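Below: a set of structures, written as structure tokens.
Below, subunit A partners subunit B and then partners subunit C, in two separate complexes.
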Partner chain A sequence: MSQTPAARARGDAGSAAGTRAGLSSTARGGVGTSPPRPDGALKAAGEFAFSSDMWMEDMLWGMTLRSPHPHALIRAIDTAEALAVPGVHAVLTHEDVPGEKRYGLETRDQPVLAFGKVRYKGEPVAVVAADHPETARRALARVRVDYEVLEPIADARRAAFDPDCPLVHEEGVPAHPEYNQRGNIVRHQPVRTGAFAEGADAADLRARAAAVVRGEYRVGMQDQAFLGPESGLAVPAPDGGVDLYIATQWLHVDQSQIAPCLGLEQERVRMTLAGVGGAFGAREDLSMQIHACMLALRTGRPVKFVYNREESFFGHVHRHPAAMRFEHGADADGRLLYATLEIVLDGGAYASTTAAVVGVASSLGVGPYEIPHVSVDAYGVYTTNPPCGAMRGFGAVQACFGYESQMDRLAAKLGMHPVELRRRNALAQGSRVATGQRIDMPLPMAEMLERVRAMPMPARRGELADPADPRTLPGGLANTSRGERVVRGVGYGVGLKNLCFSESFDDYSTARVRLEAIGGEPAALVHTAAAEVGQGLVTLQGQIAHTELGVERVTVHPADTSVGSAGSSSASRQSYVTGGAVKAACEAVRERVFALVRERGLVAPDHPAGDLALEGGKVVSAARGVLAPLAEVLGTGAVEETRVFRHRPTRALDPTTGQGDSHVQFGMCVHRAVVDVDVELGLVKVVALDAVQDVGRAMHPRQLLGQIQGGSAQGLGLALMEEVQVADGVIRNPSFTDYLIPTILDTPPMRIEVLEHADPHAPYGLRGAGEPPTLSSTPAIVAAVRDATGRPLTRAPVRPEDIAGVGD
Partner chain B sequence: MRVAFTVNGEDMAAEDVWPGESLLYVLRERLGLPGSKNACEQGECGSCTVYLDGVTVCACMVAAGQAAGRAVRTVEGLAASGGAGPAPDSRLSSVQEAFVEAGAVQCGFCTPGLVVQADDLLARTVRAGGPAPGDAEIREALAGNLCRCTGYEKIIEAVRTAAEHEERAVRRGGAR
Partner chain C sequence: MEFLSPSTWEEALAAKSGRPEAVPITGGTDVMVELNFDRRRPGALLDLSRLPEPAQWRAEGGHLRLGAAVTYTAIVEHLAGHAPALAQAARSVASPQIRNRGSVGGNLGSASPAGDCHPPLVAAGAEVELASVRGVRRVPAREFYLGPGSSVREADELISAVLVPAPAGPQQFSKIGTRNAMVIAVASFCLVLDAGARTVGTGIGSAGPRPLRSPEAEAFLAAEFDWEGGAEPSEAAARHFGALVAAAAEPIDDVRGTAAYRRHALAVMARRAWVWCAADYRKGAR
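Entry: the complex of A and B
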């Protein structure tokens, strides 16, 4: 059973594993056009090197032993028998971690390999390297771990509020005083405005309201379900360091967590982005990075890890499940008077980004509505459930389901159209959100609502060519009635999302741009560490260089750590921040070219810089026309500049009042969903899911639509089918057989209208676009199902039994 | 054990195959053909779709031994061996080309499986002299292929475009 080298050598095998990932060539067009993505042809041909495709002669397979218990003490680990399996090269436990034993994005609380205790089912306990995946599996089965099983701490509310509940981390974790931590609470963030800031309580305000609505809402644990599994290849280097080819969202933050655990200086952990098969937040935390490096350093051989789908459910954080209690009061005209919110987010066993998720859920908890008196309490809590962290929408998704459900309830109570109620309370430019931050960019919410409402409606069932065609019915060909009890409903949703990192985070990106003449043509090379995860950033970087330098030949260098940090591909921030960095570096290069133009005497030394431009591969003067071909000006030299770009600073939220200008930018999407519901089978078919989104500037219109449609589909999944079902700390459905994501049959046609009201503070006026649609699509769909069925539907995802009323 | 079959028209063999290995594993890890993807290895996502004797299968669900002596065609062989390619010099088939042009490729992990499955749909319809498939037919054909990035709109658009392109090519009287 020894491993046979590949019968046909991979073209890129050897030292250059993975160099084809991220390799790109020419961007056809500049900003605002839709050139094809430079990696598109490779991906369609099956030639793009994803992290799971990495292969090297002599490589070993890494595999992870995971805890079978959600909560248990580890009494002993015996690896002797596993090590004796022929073909096994190393079996490592916490004792073999060379440096720091813990890592973490915000709080260093997560063991590289468990010691003392396991805190969730699936926690890594040991890793092996072997010559074949099957050898590794057999070895894992021979690692003996002696556990003393403890009671799981599975209920987030109990973990937060019951003083008798045991602590998940009884030995303590690094403290953050500003987070109001106590017991199992990772962060408690209150927000108090209006009368609540003066100490009033809800009863005072309730008395003044004409209509009051209350609701308890739940949002299930959602999985990012990227298709490319966690994977990577660690290659030991002669200098005692390691080269890691990895799919991640942020190379440098990985590096800063990996190096201390390996006991290496940061420079000796060199990272290159391997092809990333989707991310959606799930690659913000480490998975197998440190494990692969440890095994590679120990064995002196390259080590490859590829999680399978089941393991992937344990290998990354999920969207926080939320339990929410909301109360809203309004006057008789539907003007909101007050809101009280309690949001409890189950963070699971380790902190990950829970504190930041609480920051978003609290600051945006009341959504895009002007409300004079607000009281919010958002909590993130440790439990012994699977850890939760970043997923597209990041705390705003959960809150949005709550506040939009409340808006519909209130509209119904007042006999108003749900769009009208929202319009009356809509935030706009100049309004303040609940943290006191003034919105200093366009926010045309009322216009967006009108537009989405005016979009054409899909054909009614009776108007279909063949209304009996089961393909048009909920359940489709597989699972239908004849449609006797199919009812249609329409619902609306609006979501407000912060874009870029918030709360005083030093959020920057670095870009290096080089301009030179190659074969008589000017060519630009853009180098950043920004992770292309599918969103199309690699296209955008080329477009920016094309526009700023007036050159057609633009190559985007593979992302790696030989250039400064680009920050994370999350929070919809890369177009803004890395886009801003590429633009700034291009501008610096351009200035140096203009200096050359002056030096060469093509213009007078005091020639106004504003008169010069780079266009179509030429240096152009507004006054005098073409001065010279750019290639000629460059000659044999290259002009290279590196720039760091930061967005304007943000502030921390006050730990008591939740006040502070915590966000950089706000994004908004508005959805209208049309559904057909089989009320007897409890099945839903989404017939249309239309949206209006303001993006400030459509940098690449076609990719932009892909982001909005993809985000909307993920919201559809959360509305109707996606939930990681956890019972007593155990995931019940870790497979694509039981965890359902929308297929092409579940996803309706999506009409999208894009508005471009520029944000004056942002490069090109753009606004991050990836997250907002994920907020609003879920409540719009659930509202449509409520409209069809008349049922309250207070949890997402909606289950068939909630619709059919089984168990009522 | 030794397993021999043809891949994209070429004779290939893998030595020392463990009987539990799937066709997908052998293609990816032993034959240097990682184009077929491994998103679930449970037969649920379609990212590993290949032709086995002309029929599309999930390569993760086929034991390598079952492929012995048979003909496998993978995404790597799509442009060369099937469909009405766009231009003779293109490395891509019309379906692949349409995916790139329509913006149906984001992370691209689903793409290899989808283009093979879509190729099969066109082989059964336009290339067999039939009409171009409608949206409902396209959806049914691709129902076993998950994509997490695109929301499928651009994928449907790409398949429509490729179908129209191939239909025109067939009407002009010559595939390729």
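Entry: the complex of A and C
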């Protein structure tokens, strides 16, 4: 037995996981109800144990030395002076990496610790373990790294298209001849349909269109801004392996990257989920995992890492900034004829999920519109900027800002209402998206648009109880306006998002469910490796067991790697895939209980299975009523089943035509934003942000609203303030002082209508719900600001100077 | 790091004199951020947060004497009538938690060009009281700041109080931020009218290496303002006033905004401030 860490949070008893994250308590309601979440009260009271709260008696503190340059050769690293600092237990560089020197989610191109070259400012170069964080910090200051500074490769378009641009990664590196054959382009995915598939060019189609709109749009680099920074605790084990307690989104994919770098078999890297303080994609890639394990194995002591906020900006990937050139043509009635799109996504120094982001941006680049002739070219590019990867909306967010901006332009050109133009071109069940994939589930887009348009409008300024109340005005309590030059605007946005992993990925989840009688009551234990990142998955797993097994007492086991992979808490997939796995395991358990019922002679051996059910802790026959209490049937035995659930397979996109059934499921949210803009100062108050979303089935209505509100607010942030500003490869605002996220005064009341048109392919008919609102809220808000100002506003976030027209 | 905890103000002055490099800490809302992010590693902290004197305020000969440790929350709750523009500025600072700890003295100690107290203190013609074992001196706020993070305070001196003249006319403070709360100023502006002396004070924040004023704009408005009736300014006059304020700024492009936007925003805020002051004047705030 190795030791397990205790959490320091108040009221903590210390569970097997070390973080009494309060996640293992009982679910009190079934699917479709809103039982309270087990972590809710603890989080509200500040008592929830996050990964950063873990602590062990004899632990050391790990800390990372990062590159001060975006692009430089490393000529030498000297750690002697750092090692001499009293209290320092280890100083490790790339030479100390026991196994593979690189890791990565899709492409193993990222060094555990830099060697030869650094490719972004903030890249880890050395790690230290010391008995105190202050000691570790002092040691870091004494590591001498001899750099030869190179010119940063900061412009994604140049990196992609200028043959003279230096390469970020040499061809064939890392040790795979197939890598980096396209120079700095990680992936180029074209899509060609209609005349474009036959080689037509835009000029041919332009000639046939009554209205043509063109635009160049930019989306800035957004940060996930989770509140719990990267942290974890690695504990060396007697078997030469390591136990890692970590806040992550996918335990098993971490494990599969960590073990080879440590030179260990996968089984000897055991992982347990620690309390996760938000994720939004930023925890898909590794941060300090391998570093902590290396230091723990080297020192024989537990090693804890906690990044601070500034380091966190360098410790995780961000949303890809996008530069987009869109052209759309339509007939005089507003029916779309063609679209040509060029989307350049800056992936930064390492591939991360860039290829998959390109897959989404290309396949969903034209959005939820029927367009006969489509030509898309989406590029994901290496630069020496901070690496970019997964963030809520994943490639669809950037494209959505582009195509929705174009729809508004086109509507204006044709003199049509923006909703009417969208309705006329709306996808529906049976339509095909640009990849040729047929939508074989309900997609009531036209109805959703009508509904959001019909929602009551917020009160006009003049109708407010106190129109001079500064909290109702742009600028808020900073007293910049009493209503002068404040203009209201309204805008709409629609987004189409793929849900679950796409493009032939083997996307599955595993669940183990155990049913037994405890104290005369039937109790279920649900065990998966699925990461609760705040979305409420633990509650949902309990609800499913409650519904499927008819028991009140459901315990959800802490997530760890002693059960099979659950896949990632991303792509809005966990309710679908892990929910599906829990459902399947429950069904298997149920079948075994029914077998027991037959064995015990409670029903005839040939009794039809469809007649039996588990309800309210009893075995019930539809024909004969209650047969027996479940606890009695179970006796002293336990029934345990493990099931793997897969959604239906998907296909890769054709590399030249972009055709293929690449997606599992489509999600959609529609927004209407109402804003008050101080058109002179360029300040915005979002007055209302109303939404309609089809979720197939509202599994937990209250948590669902939280997802829609949160996603909408995150989209608001991207519309108006959130941007990691990068100049020449350097992040200029790595702090919450200058990376602004919306406060409660920036976030308006939201009317939300939830539709439940079941997806026949999905468990319970559900549709992933976390991402779609993040797509549509940004363009809706920017459209509303355009409506108020009449300015083109082609970049998100919109800045005050853009709105006020200063520097035009 | 040593932690010096004087129990009286005199002890604090003696401690500062003995250890001039010791860093005073009042609310800690700047100091602790610097320590946490390793931007500063002082050999000693001098804790002023437990002393009674700096937390007090009182009216004193036509002034409000505001102890250096008086918090933003206290100013908002108790002093809006005594220092209206400062109270408006205090209301715009940070979040309730920070306002409960952050102080005017700390804002002056940090002397950030973006500090929200500075434009009201400059515009109102406040004085900063500096104390040391050598004695006490008063420096006009207009002369206190030298550049980002630097002031005329000597190493052995502590800020004991600020003296804000009692209001003698309308005052307005406005601040631009990219979100509607909890934001460091992109630019800020304060206008203080003295109806008795028929003078005008201006304060410009976050648009130069230190808080600024515009003597030209002040002179122009003192001449143009309708001291009899508080008439609304003409569009042209208001624009001219705004342009003079903008011209006095020395802004740069940075992560929070561009120099051009800052100038533009100052001109707009100045114009509006005149209009609002005139309206208040008509309502009797003379």
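Convention: the second predicted complex is superposed on the first by the 776 of 808 C-alpha atoms of A that agree within 3 Å, B and C clash if a C-alpha of one lies under 4 Å from a C-alpha of the other, contacts with A are read in each partner's own complex, and residues count from 1 in each chain.
Heads up, the rule we're going with is that a contact is a pair of C-beta atoms (placed from the backbone, for glycine too) under 8 Å apart; a residue touches a chain by one contact, two chains touch by 3 or more.
Keep in mind that what you see is a predicted model, and the values were worked out from it rather than measured.
In the superposition on chain A, A:Met721 contacts subunit C only, with no contact to subunit B. Touch criterion met: A:Phe50 reaches subunit B, while subunit C stays clear of it. When both complexes are overlaid on chain A, the residue A:Ala225 reaches subunit B alone and has no touch with subunit C. By the touch criterion defined above, A:Leu745 lies against subunit B and subunit C together after alignment on the C-alpha atoms of chain A. In the superposition on chain A, A:Leu683 makes contact with subunit C only, while subunit B stays out of contact range. Using the contact criterion defined above for the overlaid structures, shared-chain residue A:Glu484 touches subunit C, although it does not reach subunit B. More residues of subunit A lie in touch with B than with the remaining chain of the pair subunit B and subunit C.
When the shared chain is aligned, subunit C comes close enough to touch A:Asn733, but subunit B does not.
Of the two partner chains placed by superposition, only subunit B is touched by A:Gly706; subunit C is not.
Taken together, the two complexes place residues 308, 477, 737, 743-745 of subunit A in contact with subunit B and also with subunit C.
Those residues of subunit A whose C-beta lies close enough to touch subunit B in the complex are 1-4, 6-10, 34, 36-37, 39-41, 43-50, 52-53, 55, 132, 134, 224-229, 275-280, 306, 308-309, 469, 471, 477, 533-536, 702-703, 705-706, 709-714, 735-737, 741, 743-745, 747, 749-750.
Residues 36-38, 88, 91-92, 95, 172-184, 186, 255-258, 260-261, 264-265, 268-269, 272, 275-276 of subunit C are the ones touching subunit A in the complex. Taken in their complex, subunit A has these residues touching subunit C: 137, 308, 310, 474-482, 484, 680-683, 685, 720-721, 725, 732-733, 737-738, 740, 742-746, 799-801, 804, 806-807.
Interface residues of subunit B, counted against subunit A in their complex, comprise 12-16, 18, 20, 28-42, 44-45, 47, 74-76, 78-79, 91-92, 96-97, 99-101, 103, 105-112, 115, 136, 138-140, 142-156.
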